[in-house]
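Report on the structure given below.
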Amino acid sequence: MNNAPFKGVIAYPITPFDSNENIDIPLFKKQVERLVTTGSHGIAPLGSTGVMPYLHDVEKEAITEATMQQVDGRVPTLVGVSNLTTDKTVYHAQFAEKAGATAVMIIPMSYWKLTDDEIVKHYDTVASKISIPIMAYNNPATGGVDMSPALLKRLLEIPNVTMIKESTGDVQRMHYLKKELGDDVAFFNGSNPLALSAFSAGARGWCTAAPNLIPELNIALYDAIQENDLVKAQRIFYKQIDLLKFIVAKGLPRSIKAGLDLLEIGGGGLRSPLKPLNENEIAELDSILSAINKEVYQH
Amino acid sequence: MNNAPFKGVIAYPITPFDSNENIDIPLFKKQVERLVTTGSHGIAPLGSTGVMPYLHDVEKEAITEATMQQVDGRVPTLVGVSNLTTDKTVYHAQFAEKAGATAVMIIPMSYWKLTDDEIVKHYDTVASKISIPIMAYNNPATGGVDMSPALLKRLLEIPNVTMIKESTGDVQRMHYLKKELGDDVAFFNGSNPLALSAFSAGARGWCTAAPNLIPELNIALYDAIQENDLVKAQRIFYKQIDLLKFIVAKGLPRSIKAGLDLLEIGGGGLRSPLKPLNENEIAELDSILSAINKEVYQH
Amino acid sequence: MNNAPFKGVIAYPITPFDSNENIDIPLFKKQVERLVTTGSHGIAPLGSTGVMPYLHDVEKEAITEATMQQVDGRVPTLVGVSNLTTDKTVYHAQFAEKAGATAVMIIPMSYWKLTDDEIVKHYDTVASKISIPIMAYNNPATGGVDMSPALLKRLLEIPNVTMIKESTGDVQRMHYLKKELGDDVAFFNGSNPLALSAFSAGARGWCTAAPNLIPELNIALYDAIQENDLVKAQRIFYKQIDLLKFIVAKGLPRSIKAGLDLLEIGGGGLRSPLKPLNENEIAELDSILSAINKEVYQH
Amino acid sequence: MNNAPFKGVIAYPITPFDSNENIDIPLFKKQVERLVTTGSHGIAPLGSTGVMPYLHDVEKEAITEATMQQVDGRVPTLVGVSNLTTDKTVYHAQFAEKAGATAVMIIPMSYWKLTDDEIVKHYDTVASKISIPIMAYNNPATGGVDMSPALLKRLLEIPNVTMIKESTGDVQRMHYLKKELGDDVAFFNGSNPLALSAFSAGARGWCTAAPNLIPELNIALYDAIQENDLVKAQRIFYKQIDLLKFIVAKGLPRSIKAGLDLLEIGGGGLRSPLKPLNENEIAELDSILSAINKEVYQH
């Protein structure tokens, strides 16, 4: 497997805002630092979790640079650079490379449903303008387009498209990738509730915002898989499934922010139209986190 | 019905680009002029057809101003001002008002699925900052969020949200609006293949890119409905249905551009990643347009 | 249009049961009589409304014969003869023909999803064994298979398959049938909430259980369409839409039975596992029927 | 876990027909014998694979009795007794019990979409009339109704409903069952392509028609899971995935019949409207089986 510089748990930070809805860089750095020190194997700013599409160009650049400074080479970094137009995607990809990103992640954002040829051309153009590897990201729920396994296979023919992140929530997509592309493809799971299935199917890593709240359990799941201990992996997975389902159901930026507040790390604010969870939702999250902490420290 | 300054056929221009993928204002004005002179009852720049989300702020402003200059009060104008963030939506809505737009159209663009409360707050904030009417636009296929009839009803309680555009393609949504909200709501159809059903259900107008290619037939359909002549309306509808289905299936910007080229009006270029139709698709469109023209002039 | 002996409102009786869950033929005849005398243009026993798949062979034969006796040639009859196996479908189709049915209705019931070739062969075999016309019925919600417009076109090449009933609830299917097959195809609408759209699109008739409860309004809608008076048709349609939506949402056998009880005609019992509507549902139906009756007699 | 007399690989025989489309009991017995001798842990006649809904009552009884005679207590038996009406379901469940079945499997077949209360009552009535355990079977694709996890939980409160078979193909359903119901529920996977995910999630068994064609690989997968060797399970799973996908895509009765013919065991005929695979499909199956056999014996 060439040029796939990630494995294990790739943690997605949120982008916190201050009371004027401007990005809060000091808080962001604090959150990133915690992701690194709690053991995540990679850091991925400007993902969906990081509300990348809601940010201005200057803000994206500030987040990219803050990540590089804070991570400081301790783990690899994966920067989200997706944009509706090809031109802007190239711009952000080049910025990320210059800033020192290990790789970039690109989802084919789609207002008008793109054809397969348009998507291939889009990736090809961006790939030709940078020399770091690209992770192609499939997530119809946020990006609006569902890349077929056949299309993903075409994308992998572009030299520096070396990794795939699948977030459709359908484990059969991963079976296809593994079966068709064999050990040459590094595929990553982006669907939290599928974490156990995806690792069982052979996923190389798990792209997740969960380490903001429960890093120990996320990493323990990966470790159990590495030890080929399915019974243990299953036990660890069922400890965290309620949290994984909650953060997906309520939206990652809203729920991670709420969780960081509950954990007294500080989640900052959201940018409108996104609003905080309501009181009942926060109470539900609190009870899920408490149950997990009780169980983790008892066993 | 208060403050719903549209009815009939509301025409959506495309945004043409030059060979450097910059917007081509002279060609845009020419296309708009033709929409006005061929009889459309309103002009709606910066819609999905006008690839609004692919444009920079400055470009959106230039298109808005060019529309006002060219239309010059001959018909009402409806400017698209949607944006992922509330802040930017306010900005563009205020710009449109100042430029002289009759009304603005807003779809709750969604990367993260918005809650109903977030959507209401979003419209409420924008509405409080402008004094022209707002058309709330529901189109899950492009905007990523499906506003329920109950939510649309809540939005209509905001004073200057006075119009609804439904593009789900489900005529039962229109039945609900008409039945629940009665004659106080002005609802518009945004699904081309549903044009006949929507008018039959009581839609006040039809938001469509089709007048770029077949204005006579589009307006004739509305006229037949006004004359309460269903038999005639049906005959006119079936003459244009193949074209309506084609432009939806292939994407409005791509297919309107191709049609304007075929009609020798000039469609300009597209912005990447959007690419022109391929040869077979253009041939199919040509054959549909030829069949229509032959039939229209013979009968 | 050859051999399509139906138009207008084709009424579907329920199959009432006694307290032992045996079919109640005297009550069935009373219900059928009322459908004929209130003006329906055809009678269709053993449809989904008539819970045909829940009946034994002997019961189906009794219902068929009771229909023939009661209708006695006053209007045409359309008997449901669908079955999972081809052999049984032939059996019931031949029985219906011998009993005097005007035509038979066949939905390709599907436990295992049938291929297009299997469906064509199924219809072809049945068609070759009878000489009365066949209405091919498409209703994925109950039959489990969705016949594409292209497949329906193939079925129409079988000589005595002369009519199509579309119940997908997608008006674009009707557009396709009308456009592709022209005036040679008699297509009928089987989706109650689409009644206005379907007639606007050119449907020749409406297959519906609603005349059990509101025959005057159902027939008035058809009459307004025949008079080419869309404004009137629209007004009449909106008077009945709440009832049409209710009976579909709650299930036709359950809601027609409840309505016949409310109207004091007598709905009889259901066969397990089907159970009567609960009290709240019956109260809702009562209020819808009362509102309709008030409005109909006032205007 | 009380009264859940199955685990491991539960094999589903087909129902073979002779050239007159009558059931072929001698061939059926031969096929069942092979399932037992190749190591399956249970035998389940009259499932979807066994085209139960296409059989007459007398035929179902003959298949039930032939299974009991042939299996002769060597492994437990699970007989499908589902029917549209409650009355008929009771009838077949009682027959199966008297014939010696270990348990019965019931899917709530649905022409009219059943309410949750109707489904609970249906199971409750059947359960009260027999004393052997019931496996509740959820398969919206064939049965037409999708039982929610909450409904399945209600069904498990009925004393002899002790097992659940999930065939929605959504591994999250299994997570829910395991998490909510803990070690008290025996859940079985009925979706072939999910075999690895389901075992990873804690499924007690796998209900499958695949042992008709590749019993060694099916059982080896279960054994690897029992040995807590995920790496081995994954390798064995990827060897059989193409076959598992093929038989699901083409329909189990058609593809198992074709496979048994290719393996020279004899698949018999199908009952109309079901037809054999075409030549290309048979060639594809042959090539999948050959690839598997080559790999299995080499490694």
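A few comments on the model shown:
A, B, C and D label the chains in the order they appear, each numbered from 1.
Note that in this section a residue touches a chain if its C-beta (ideal position, glycine included) is under 8 Å from a C-beta of that chain, and two chains touch if they have at least 3 such contacts.
None of the values given here were measured: they were computed from a predicted structure.
Considering the contact criterion stated above, the chains in touch with chain A and with chain C alike are B, D. Using mean Cα coordinates as chain centres, the one most removed from chain C is A.
At the interface between chain B and chain C, over half of the residue numbers involved are used by both copies, so each side presents largely the same positions. Centre-to-centre spacing of chain A and chain B amounts to 35 Å, using the average Cα coordinate of each chain. For this pair, chain B with chain D, the centres built from the Cα atoms lie 52 Å apart. Look at where the CA atoms of chain A average out and do the same for chain D: the two points lie 38 Å apart. Of all residues in chain D, none touches 2 or more other chains. A complete list of chain pairs in contact reads A-B, A-D, B-C, C-D.
Of all residues in chain A, only 169, 171-172, 175, 178-179, 193-194, 196-197, 200-202, 225, 228-231, 233-234, 238, 241-242 touch chain D in the complex they form.
By the touch criterion stated above, chain D contacts chain C in their complex at residues 21, 48, 51, 53-54, 84-87, 108, 111-115, 117-119, 121-122, 125, 141-142, 144, 251-254, 271-275.
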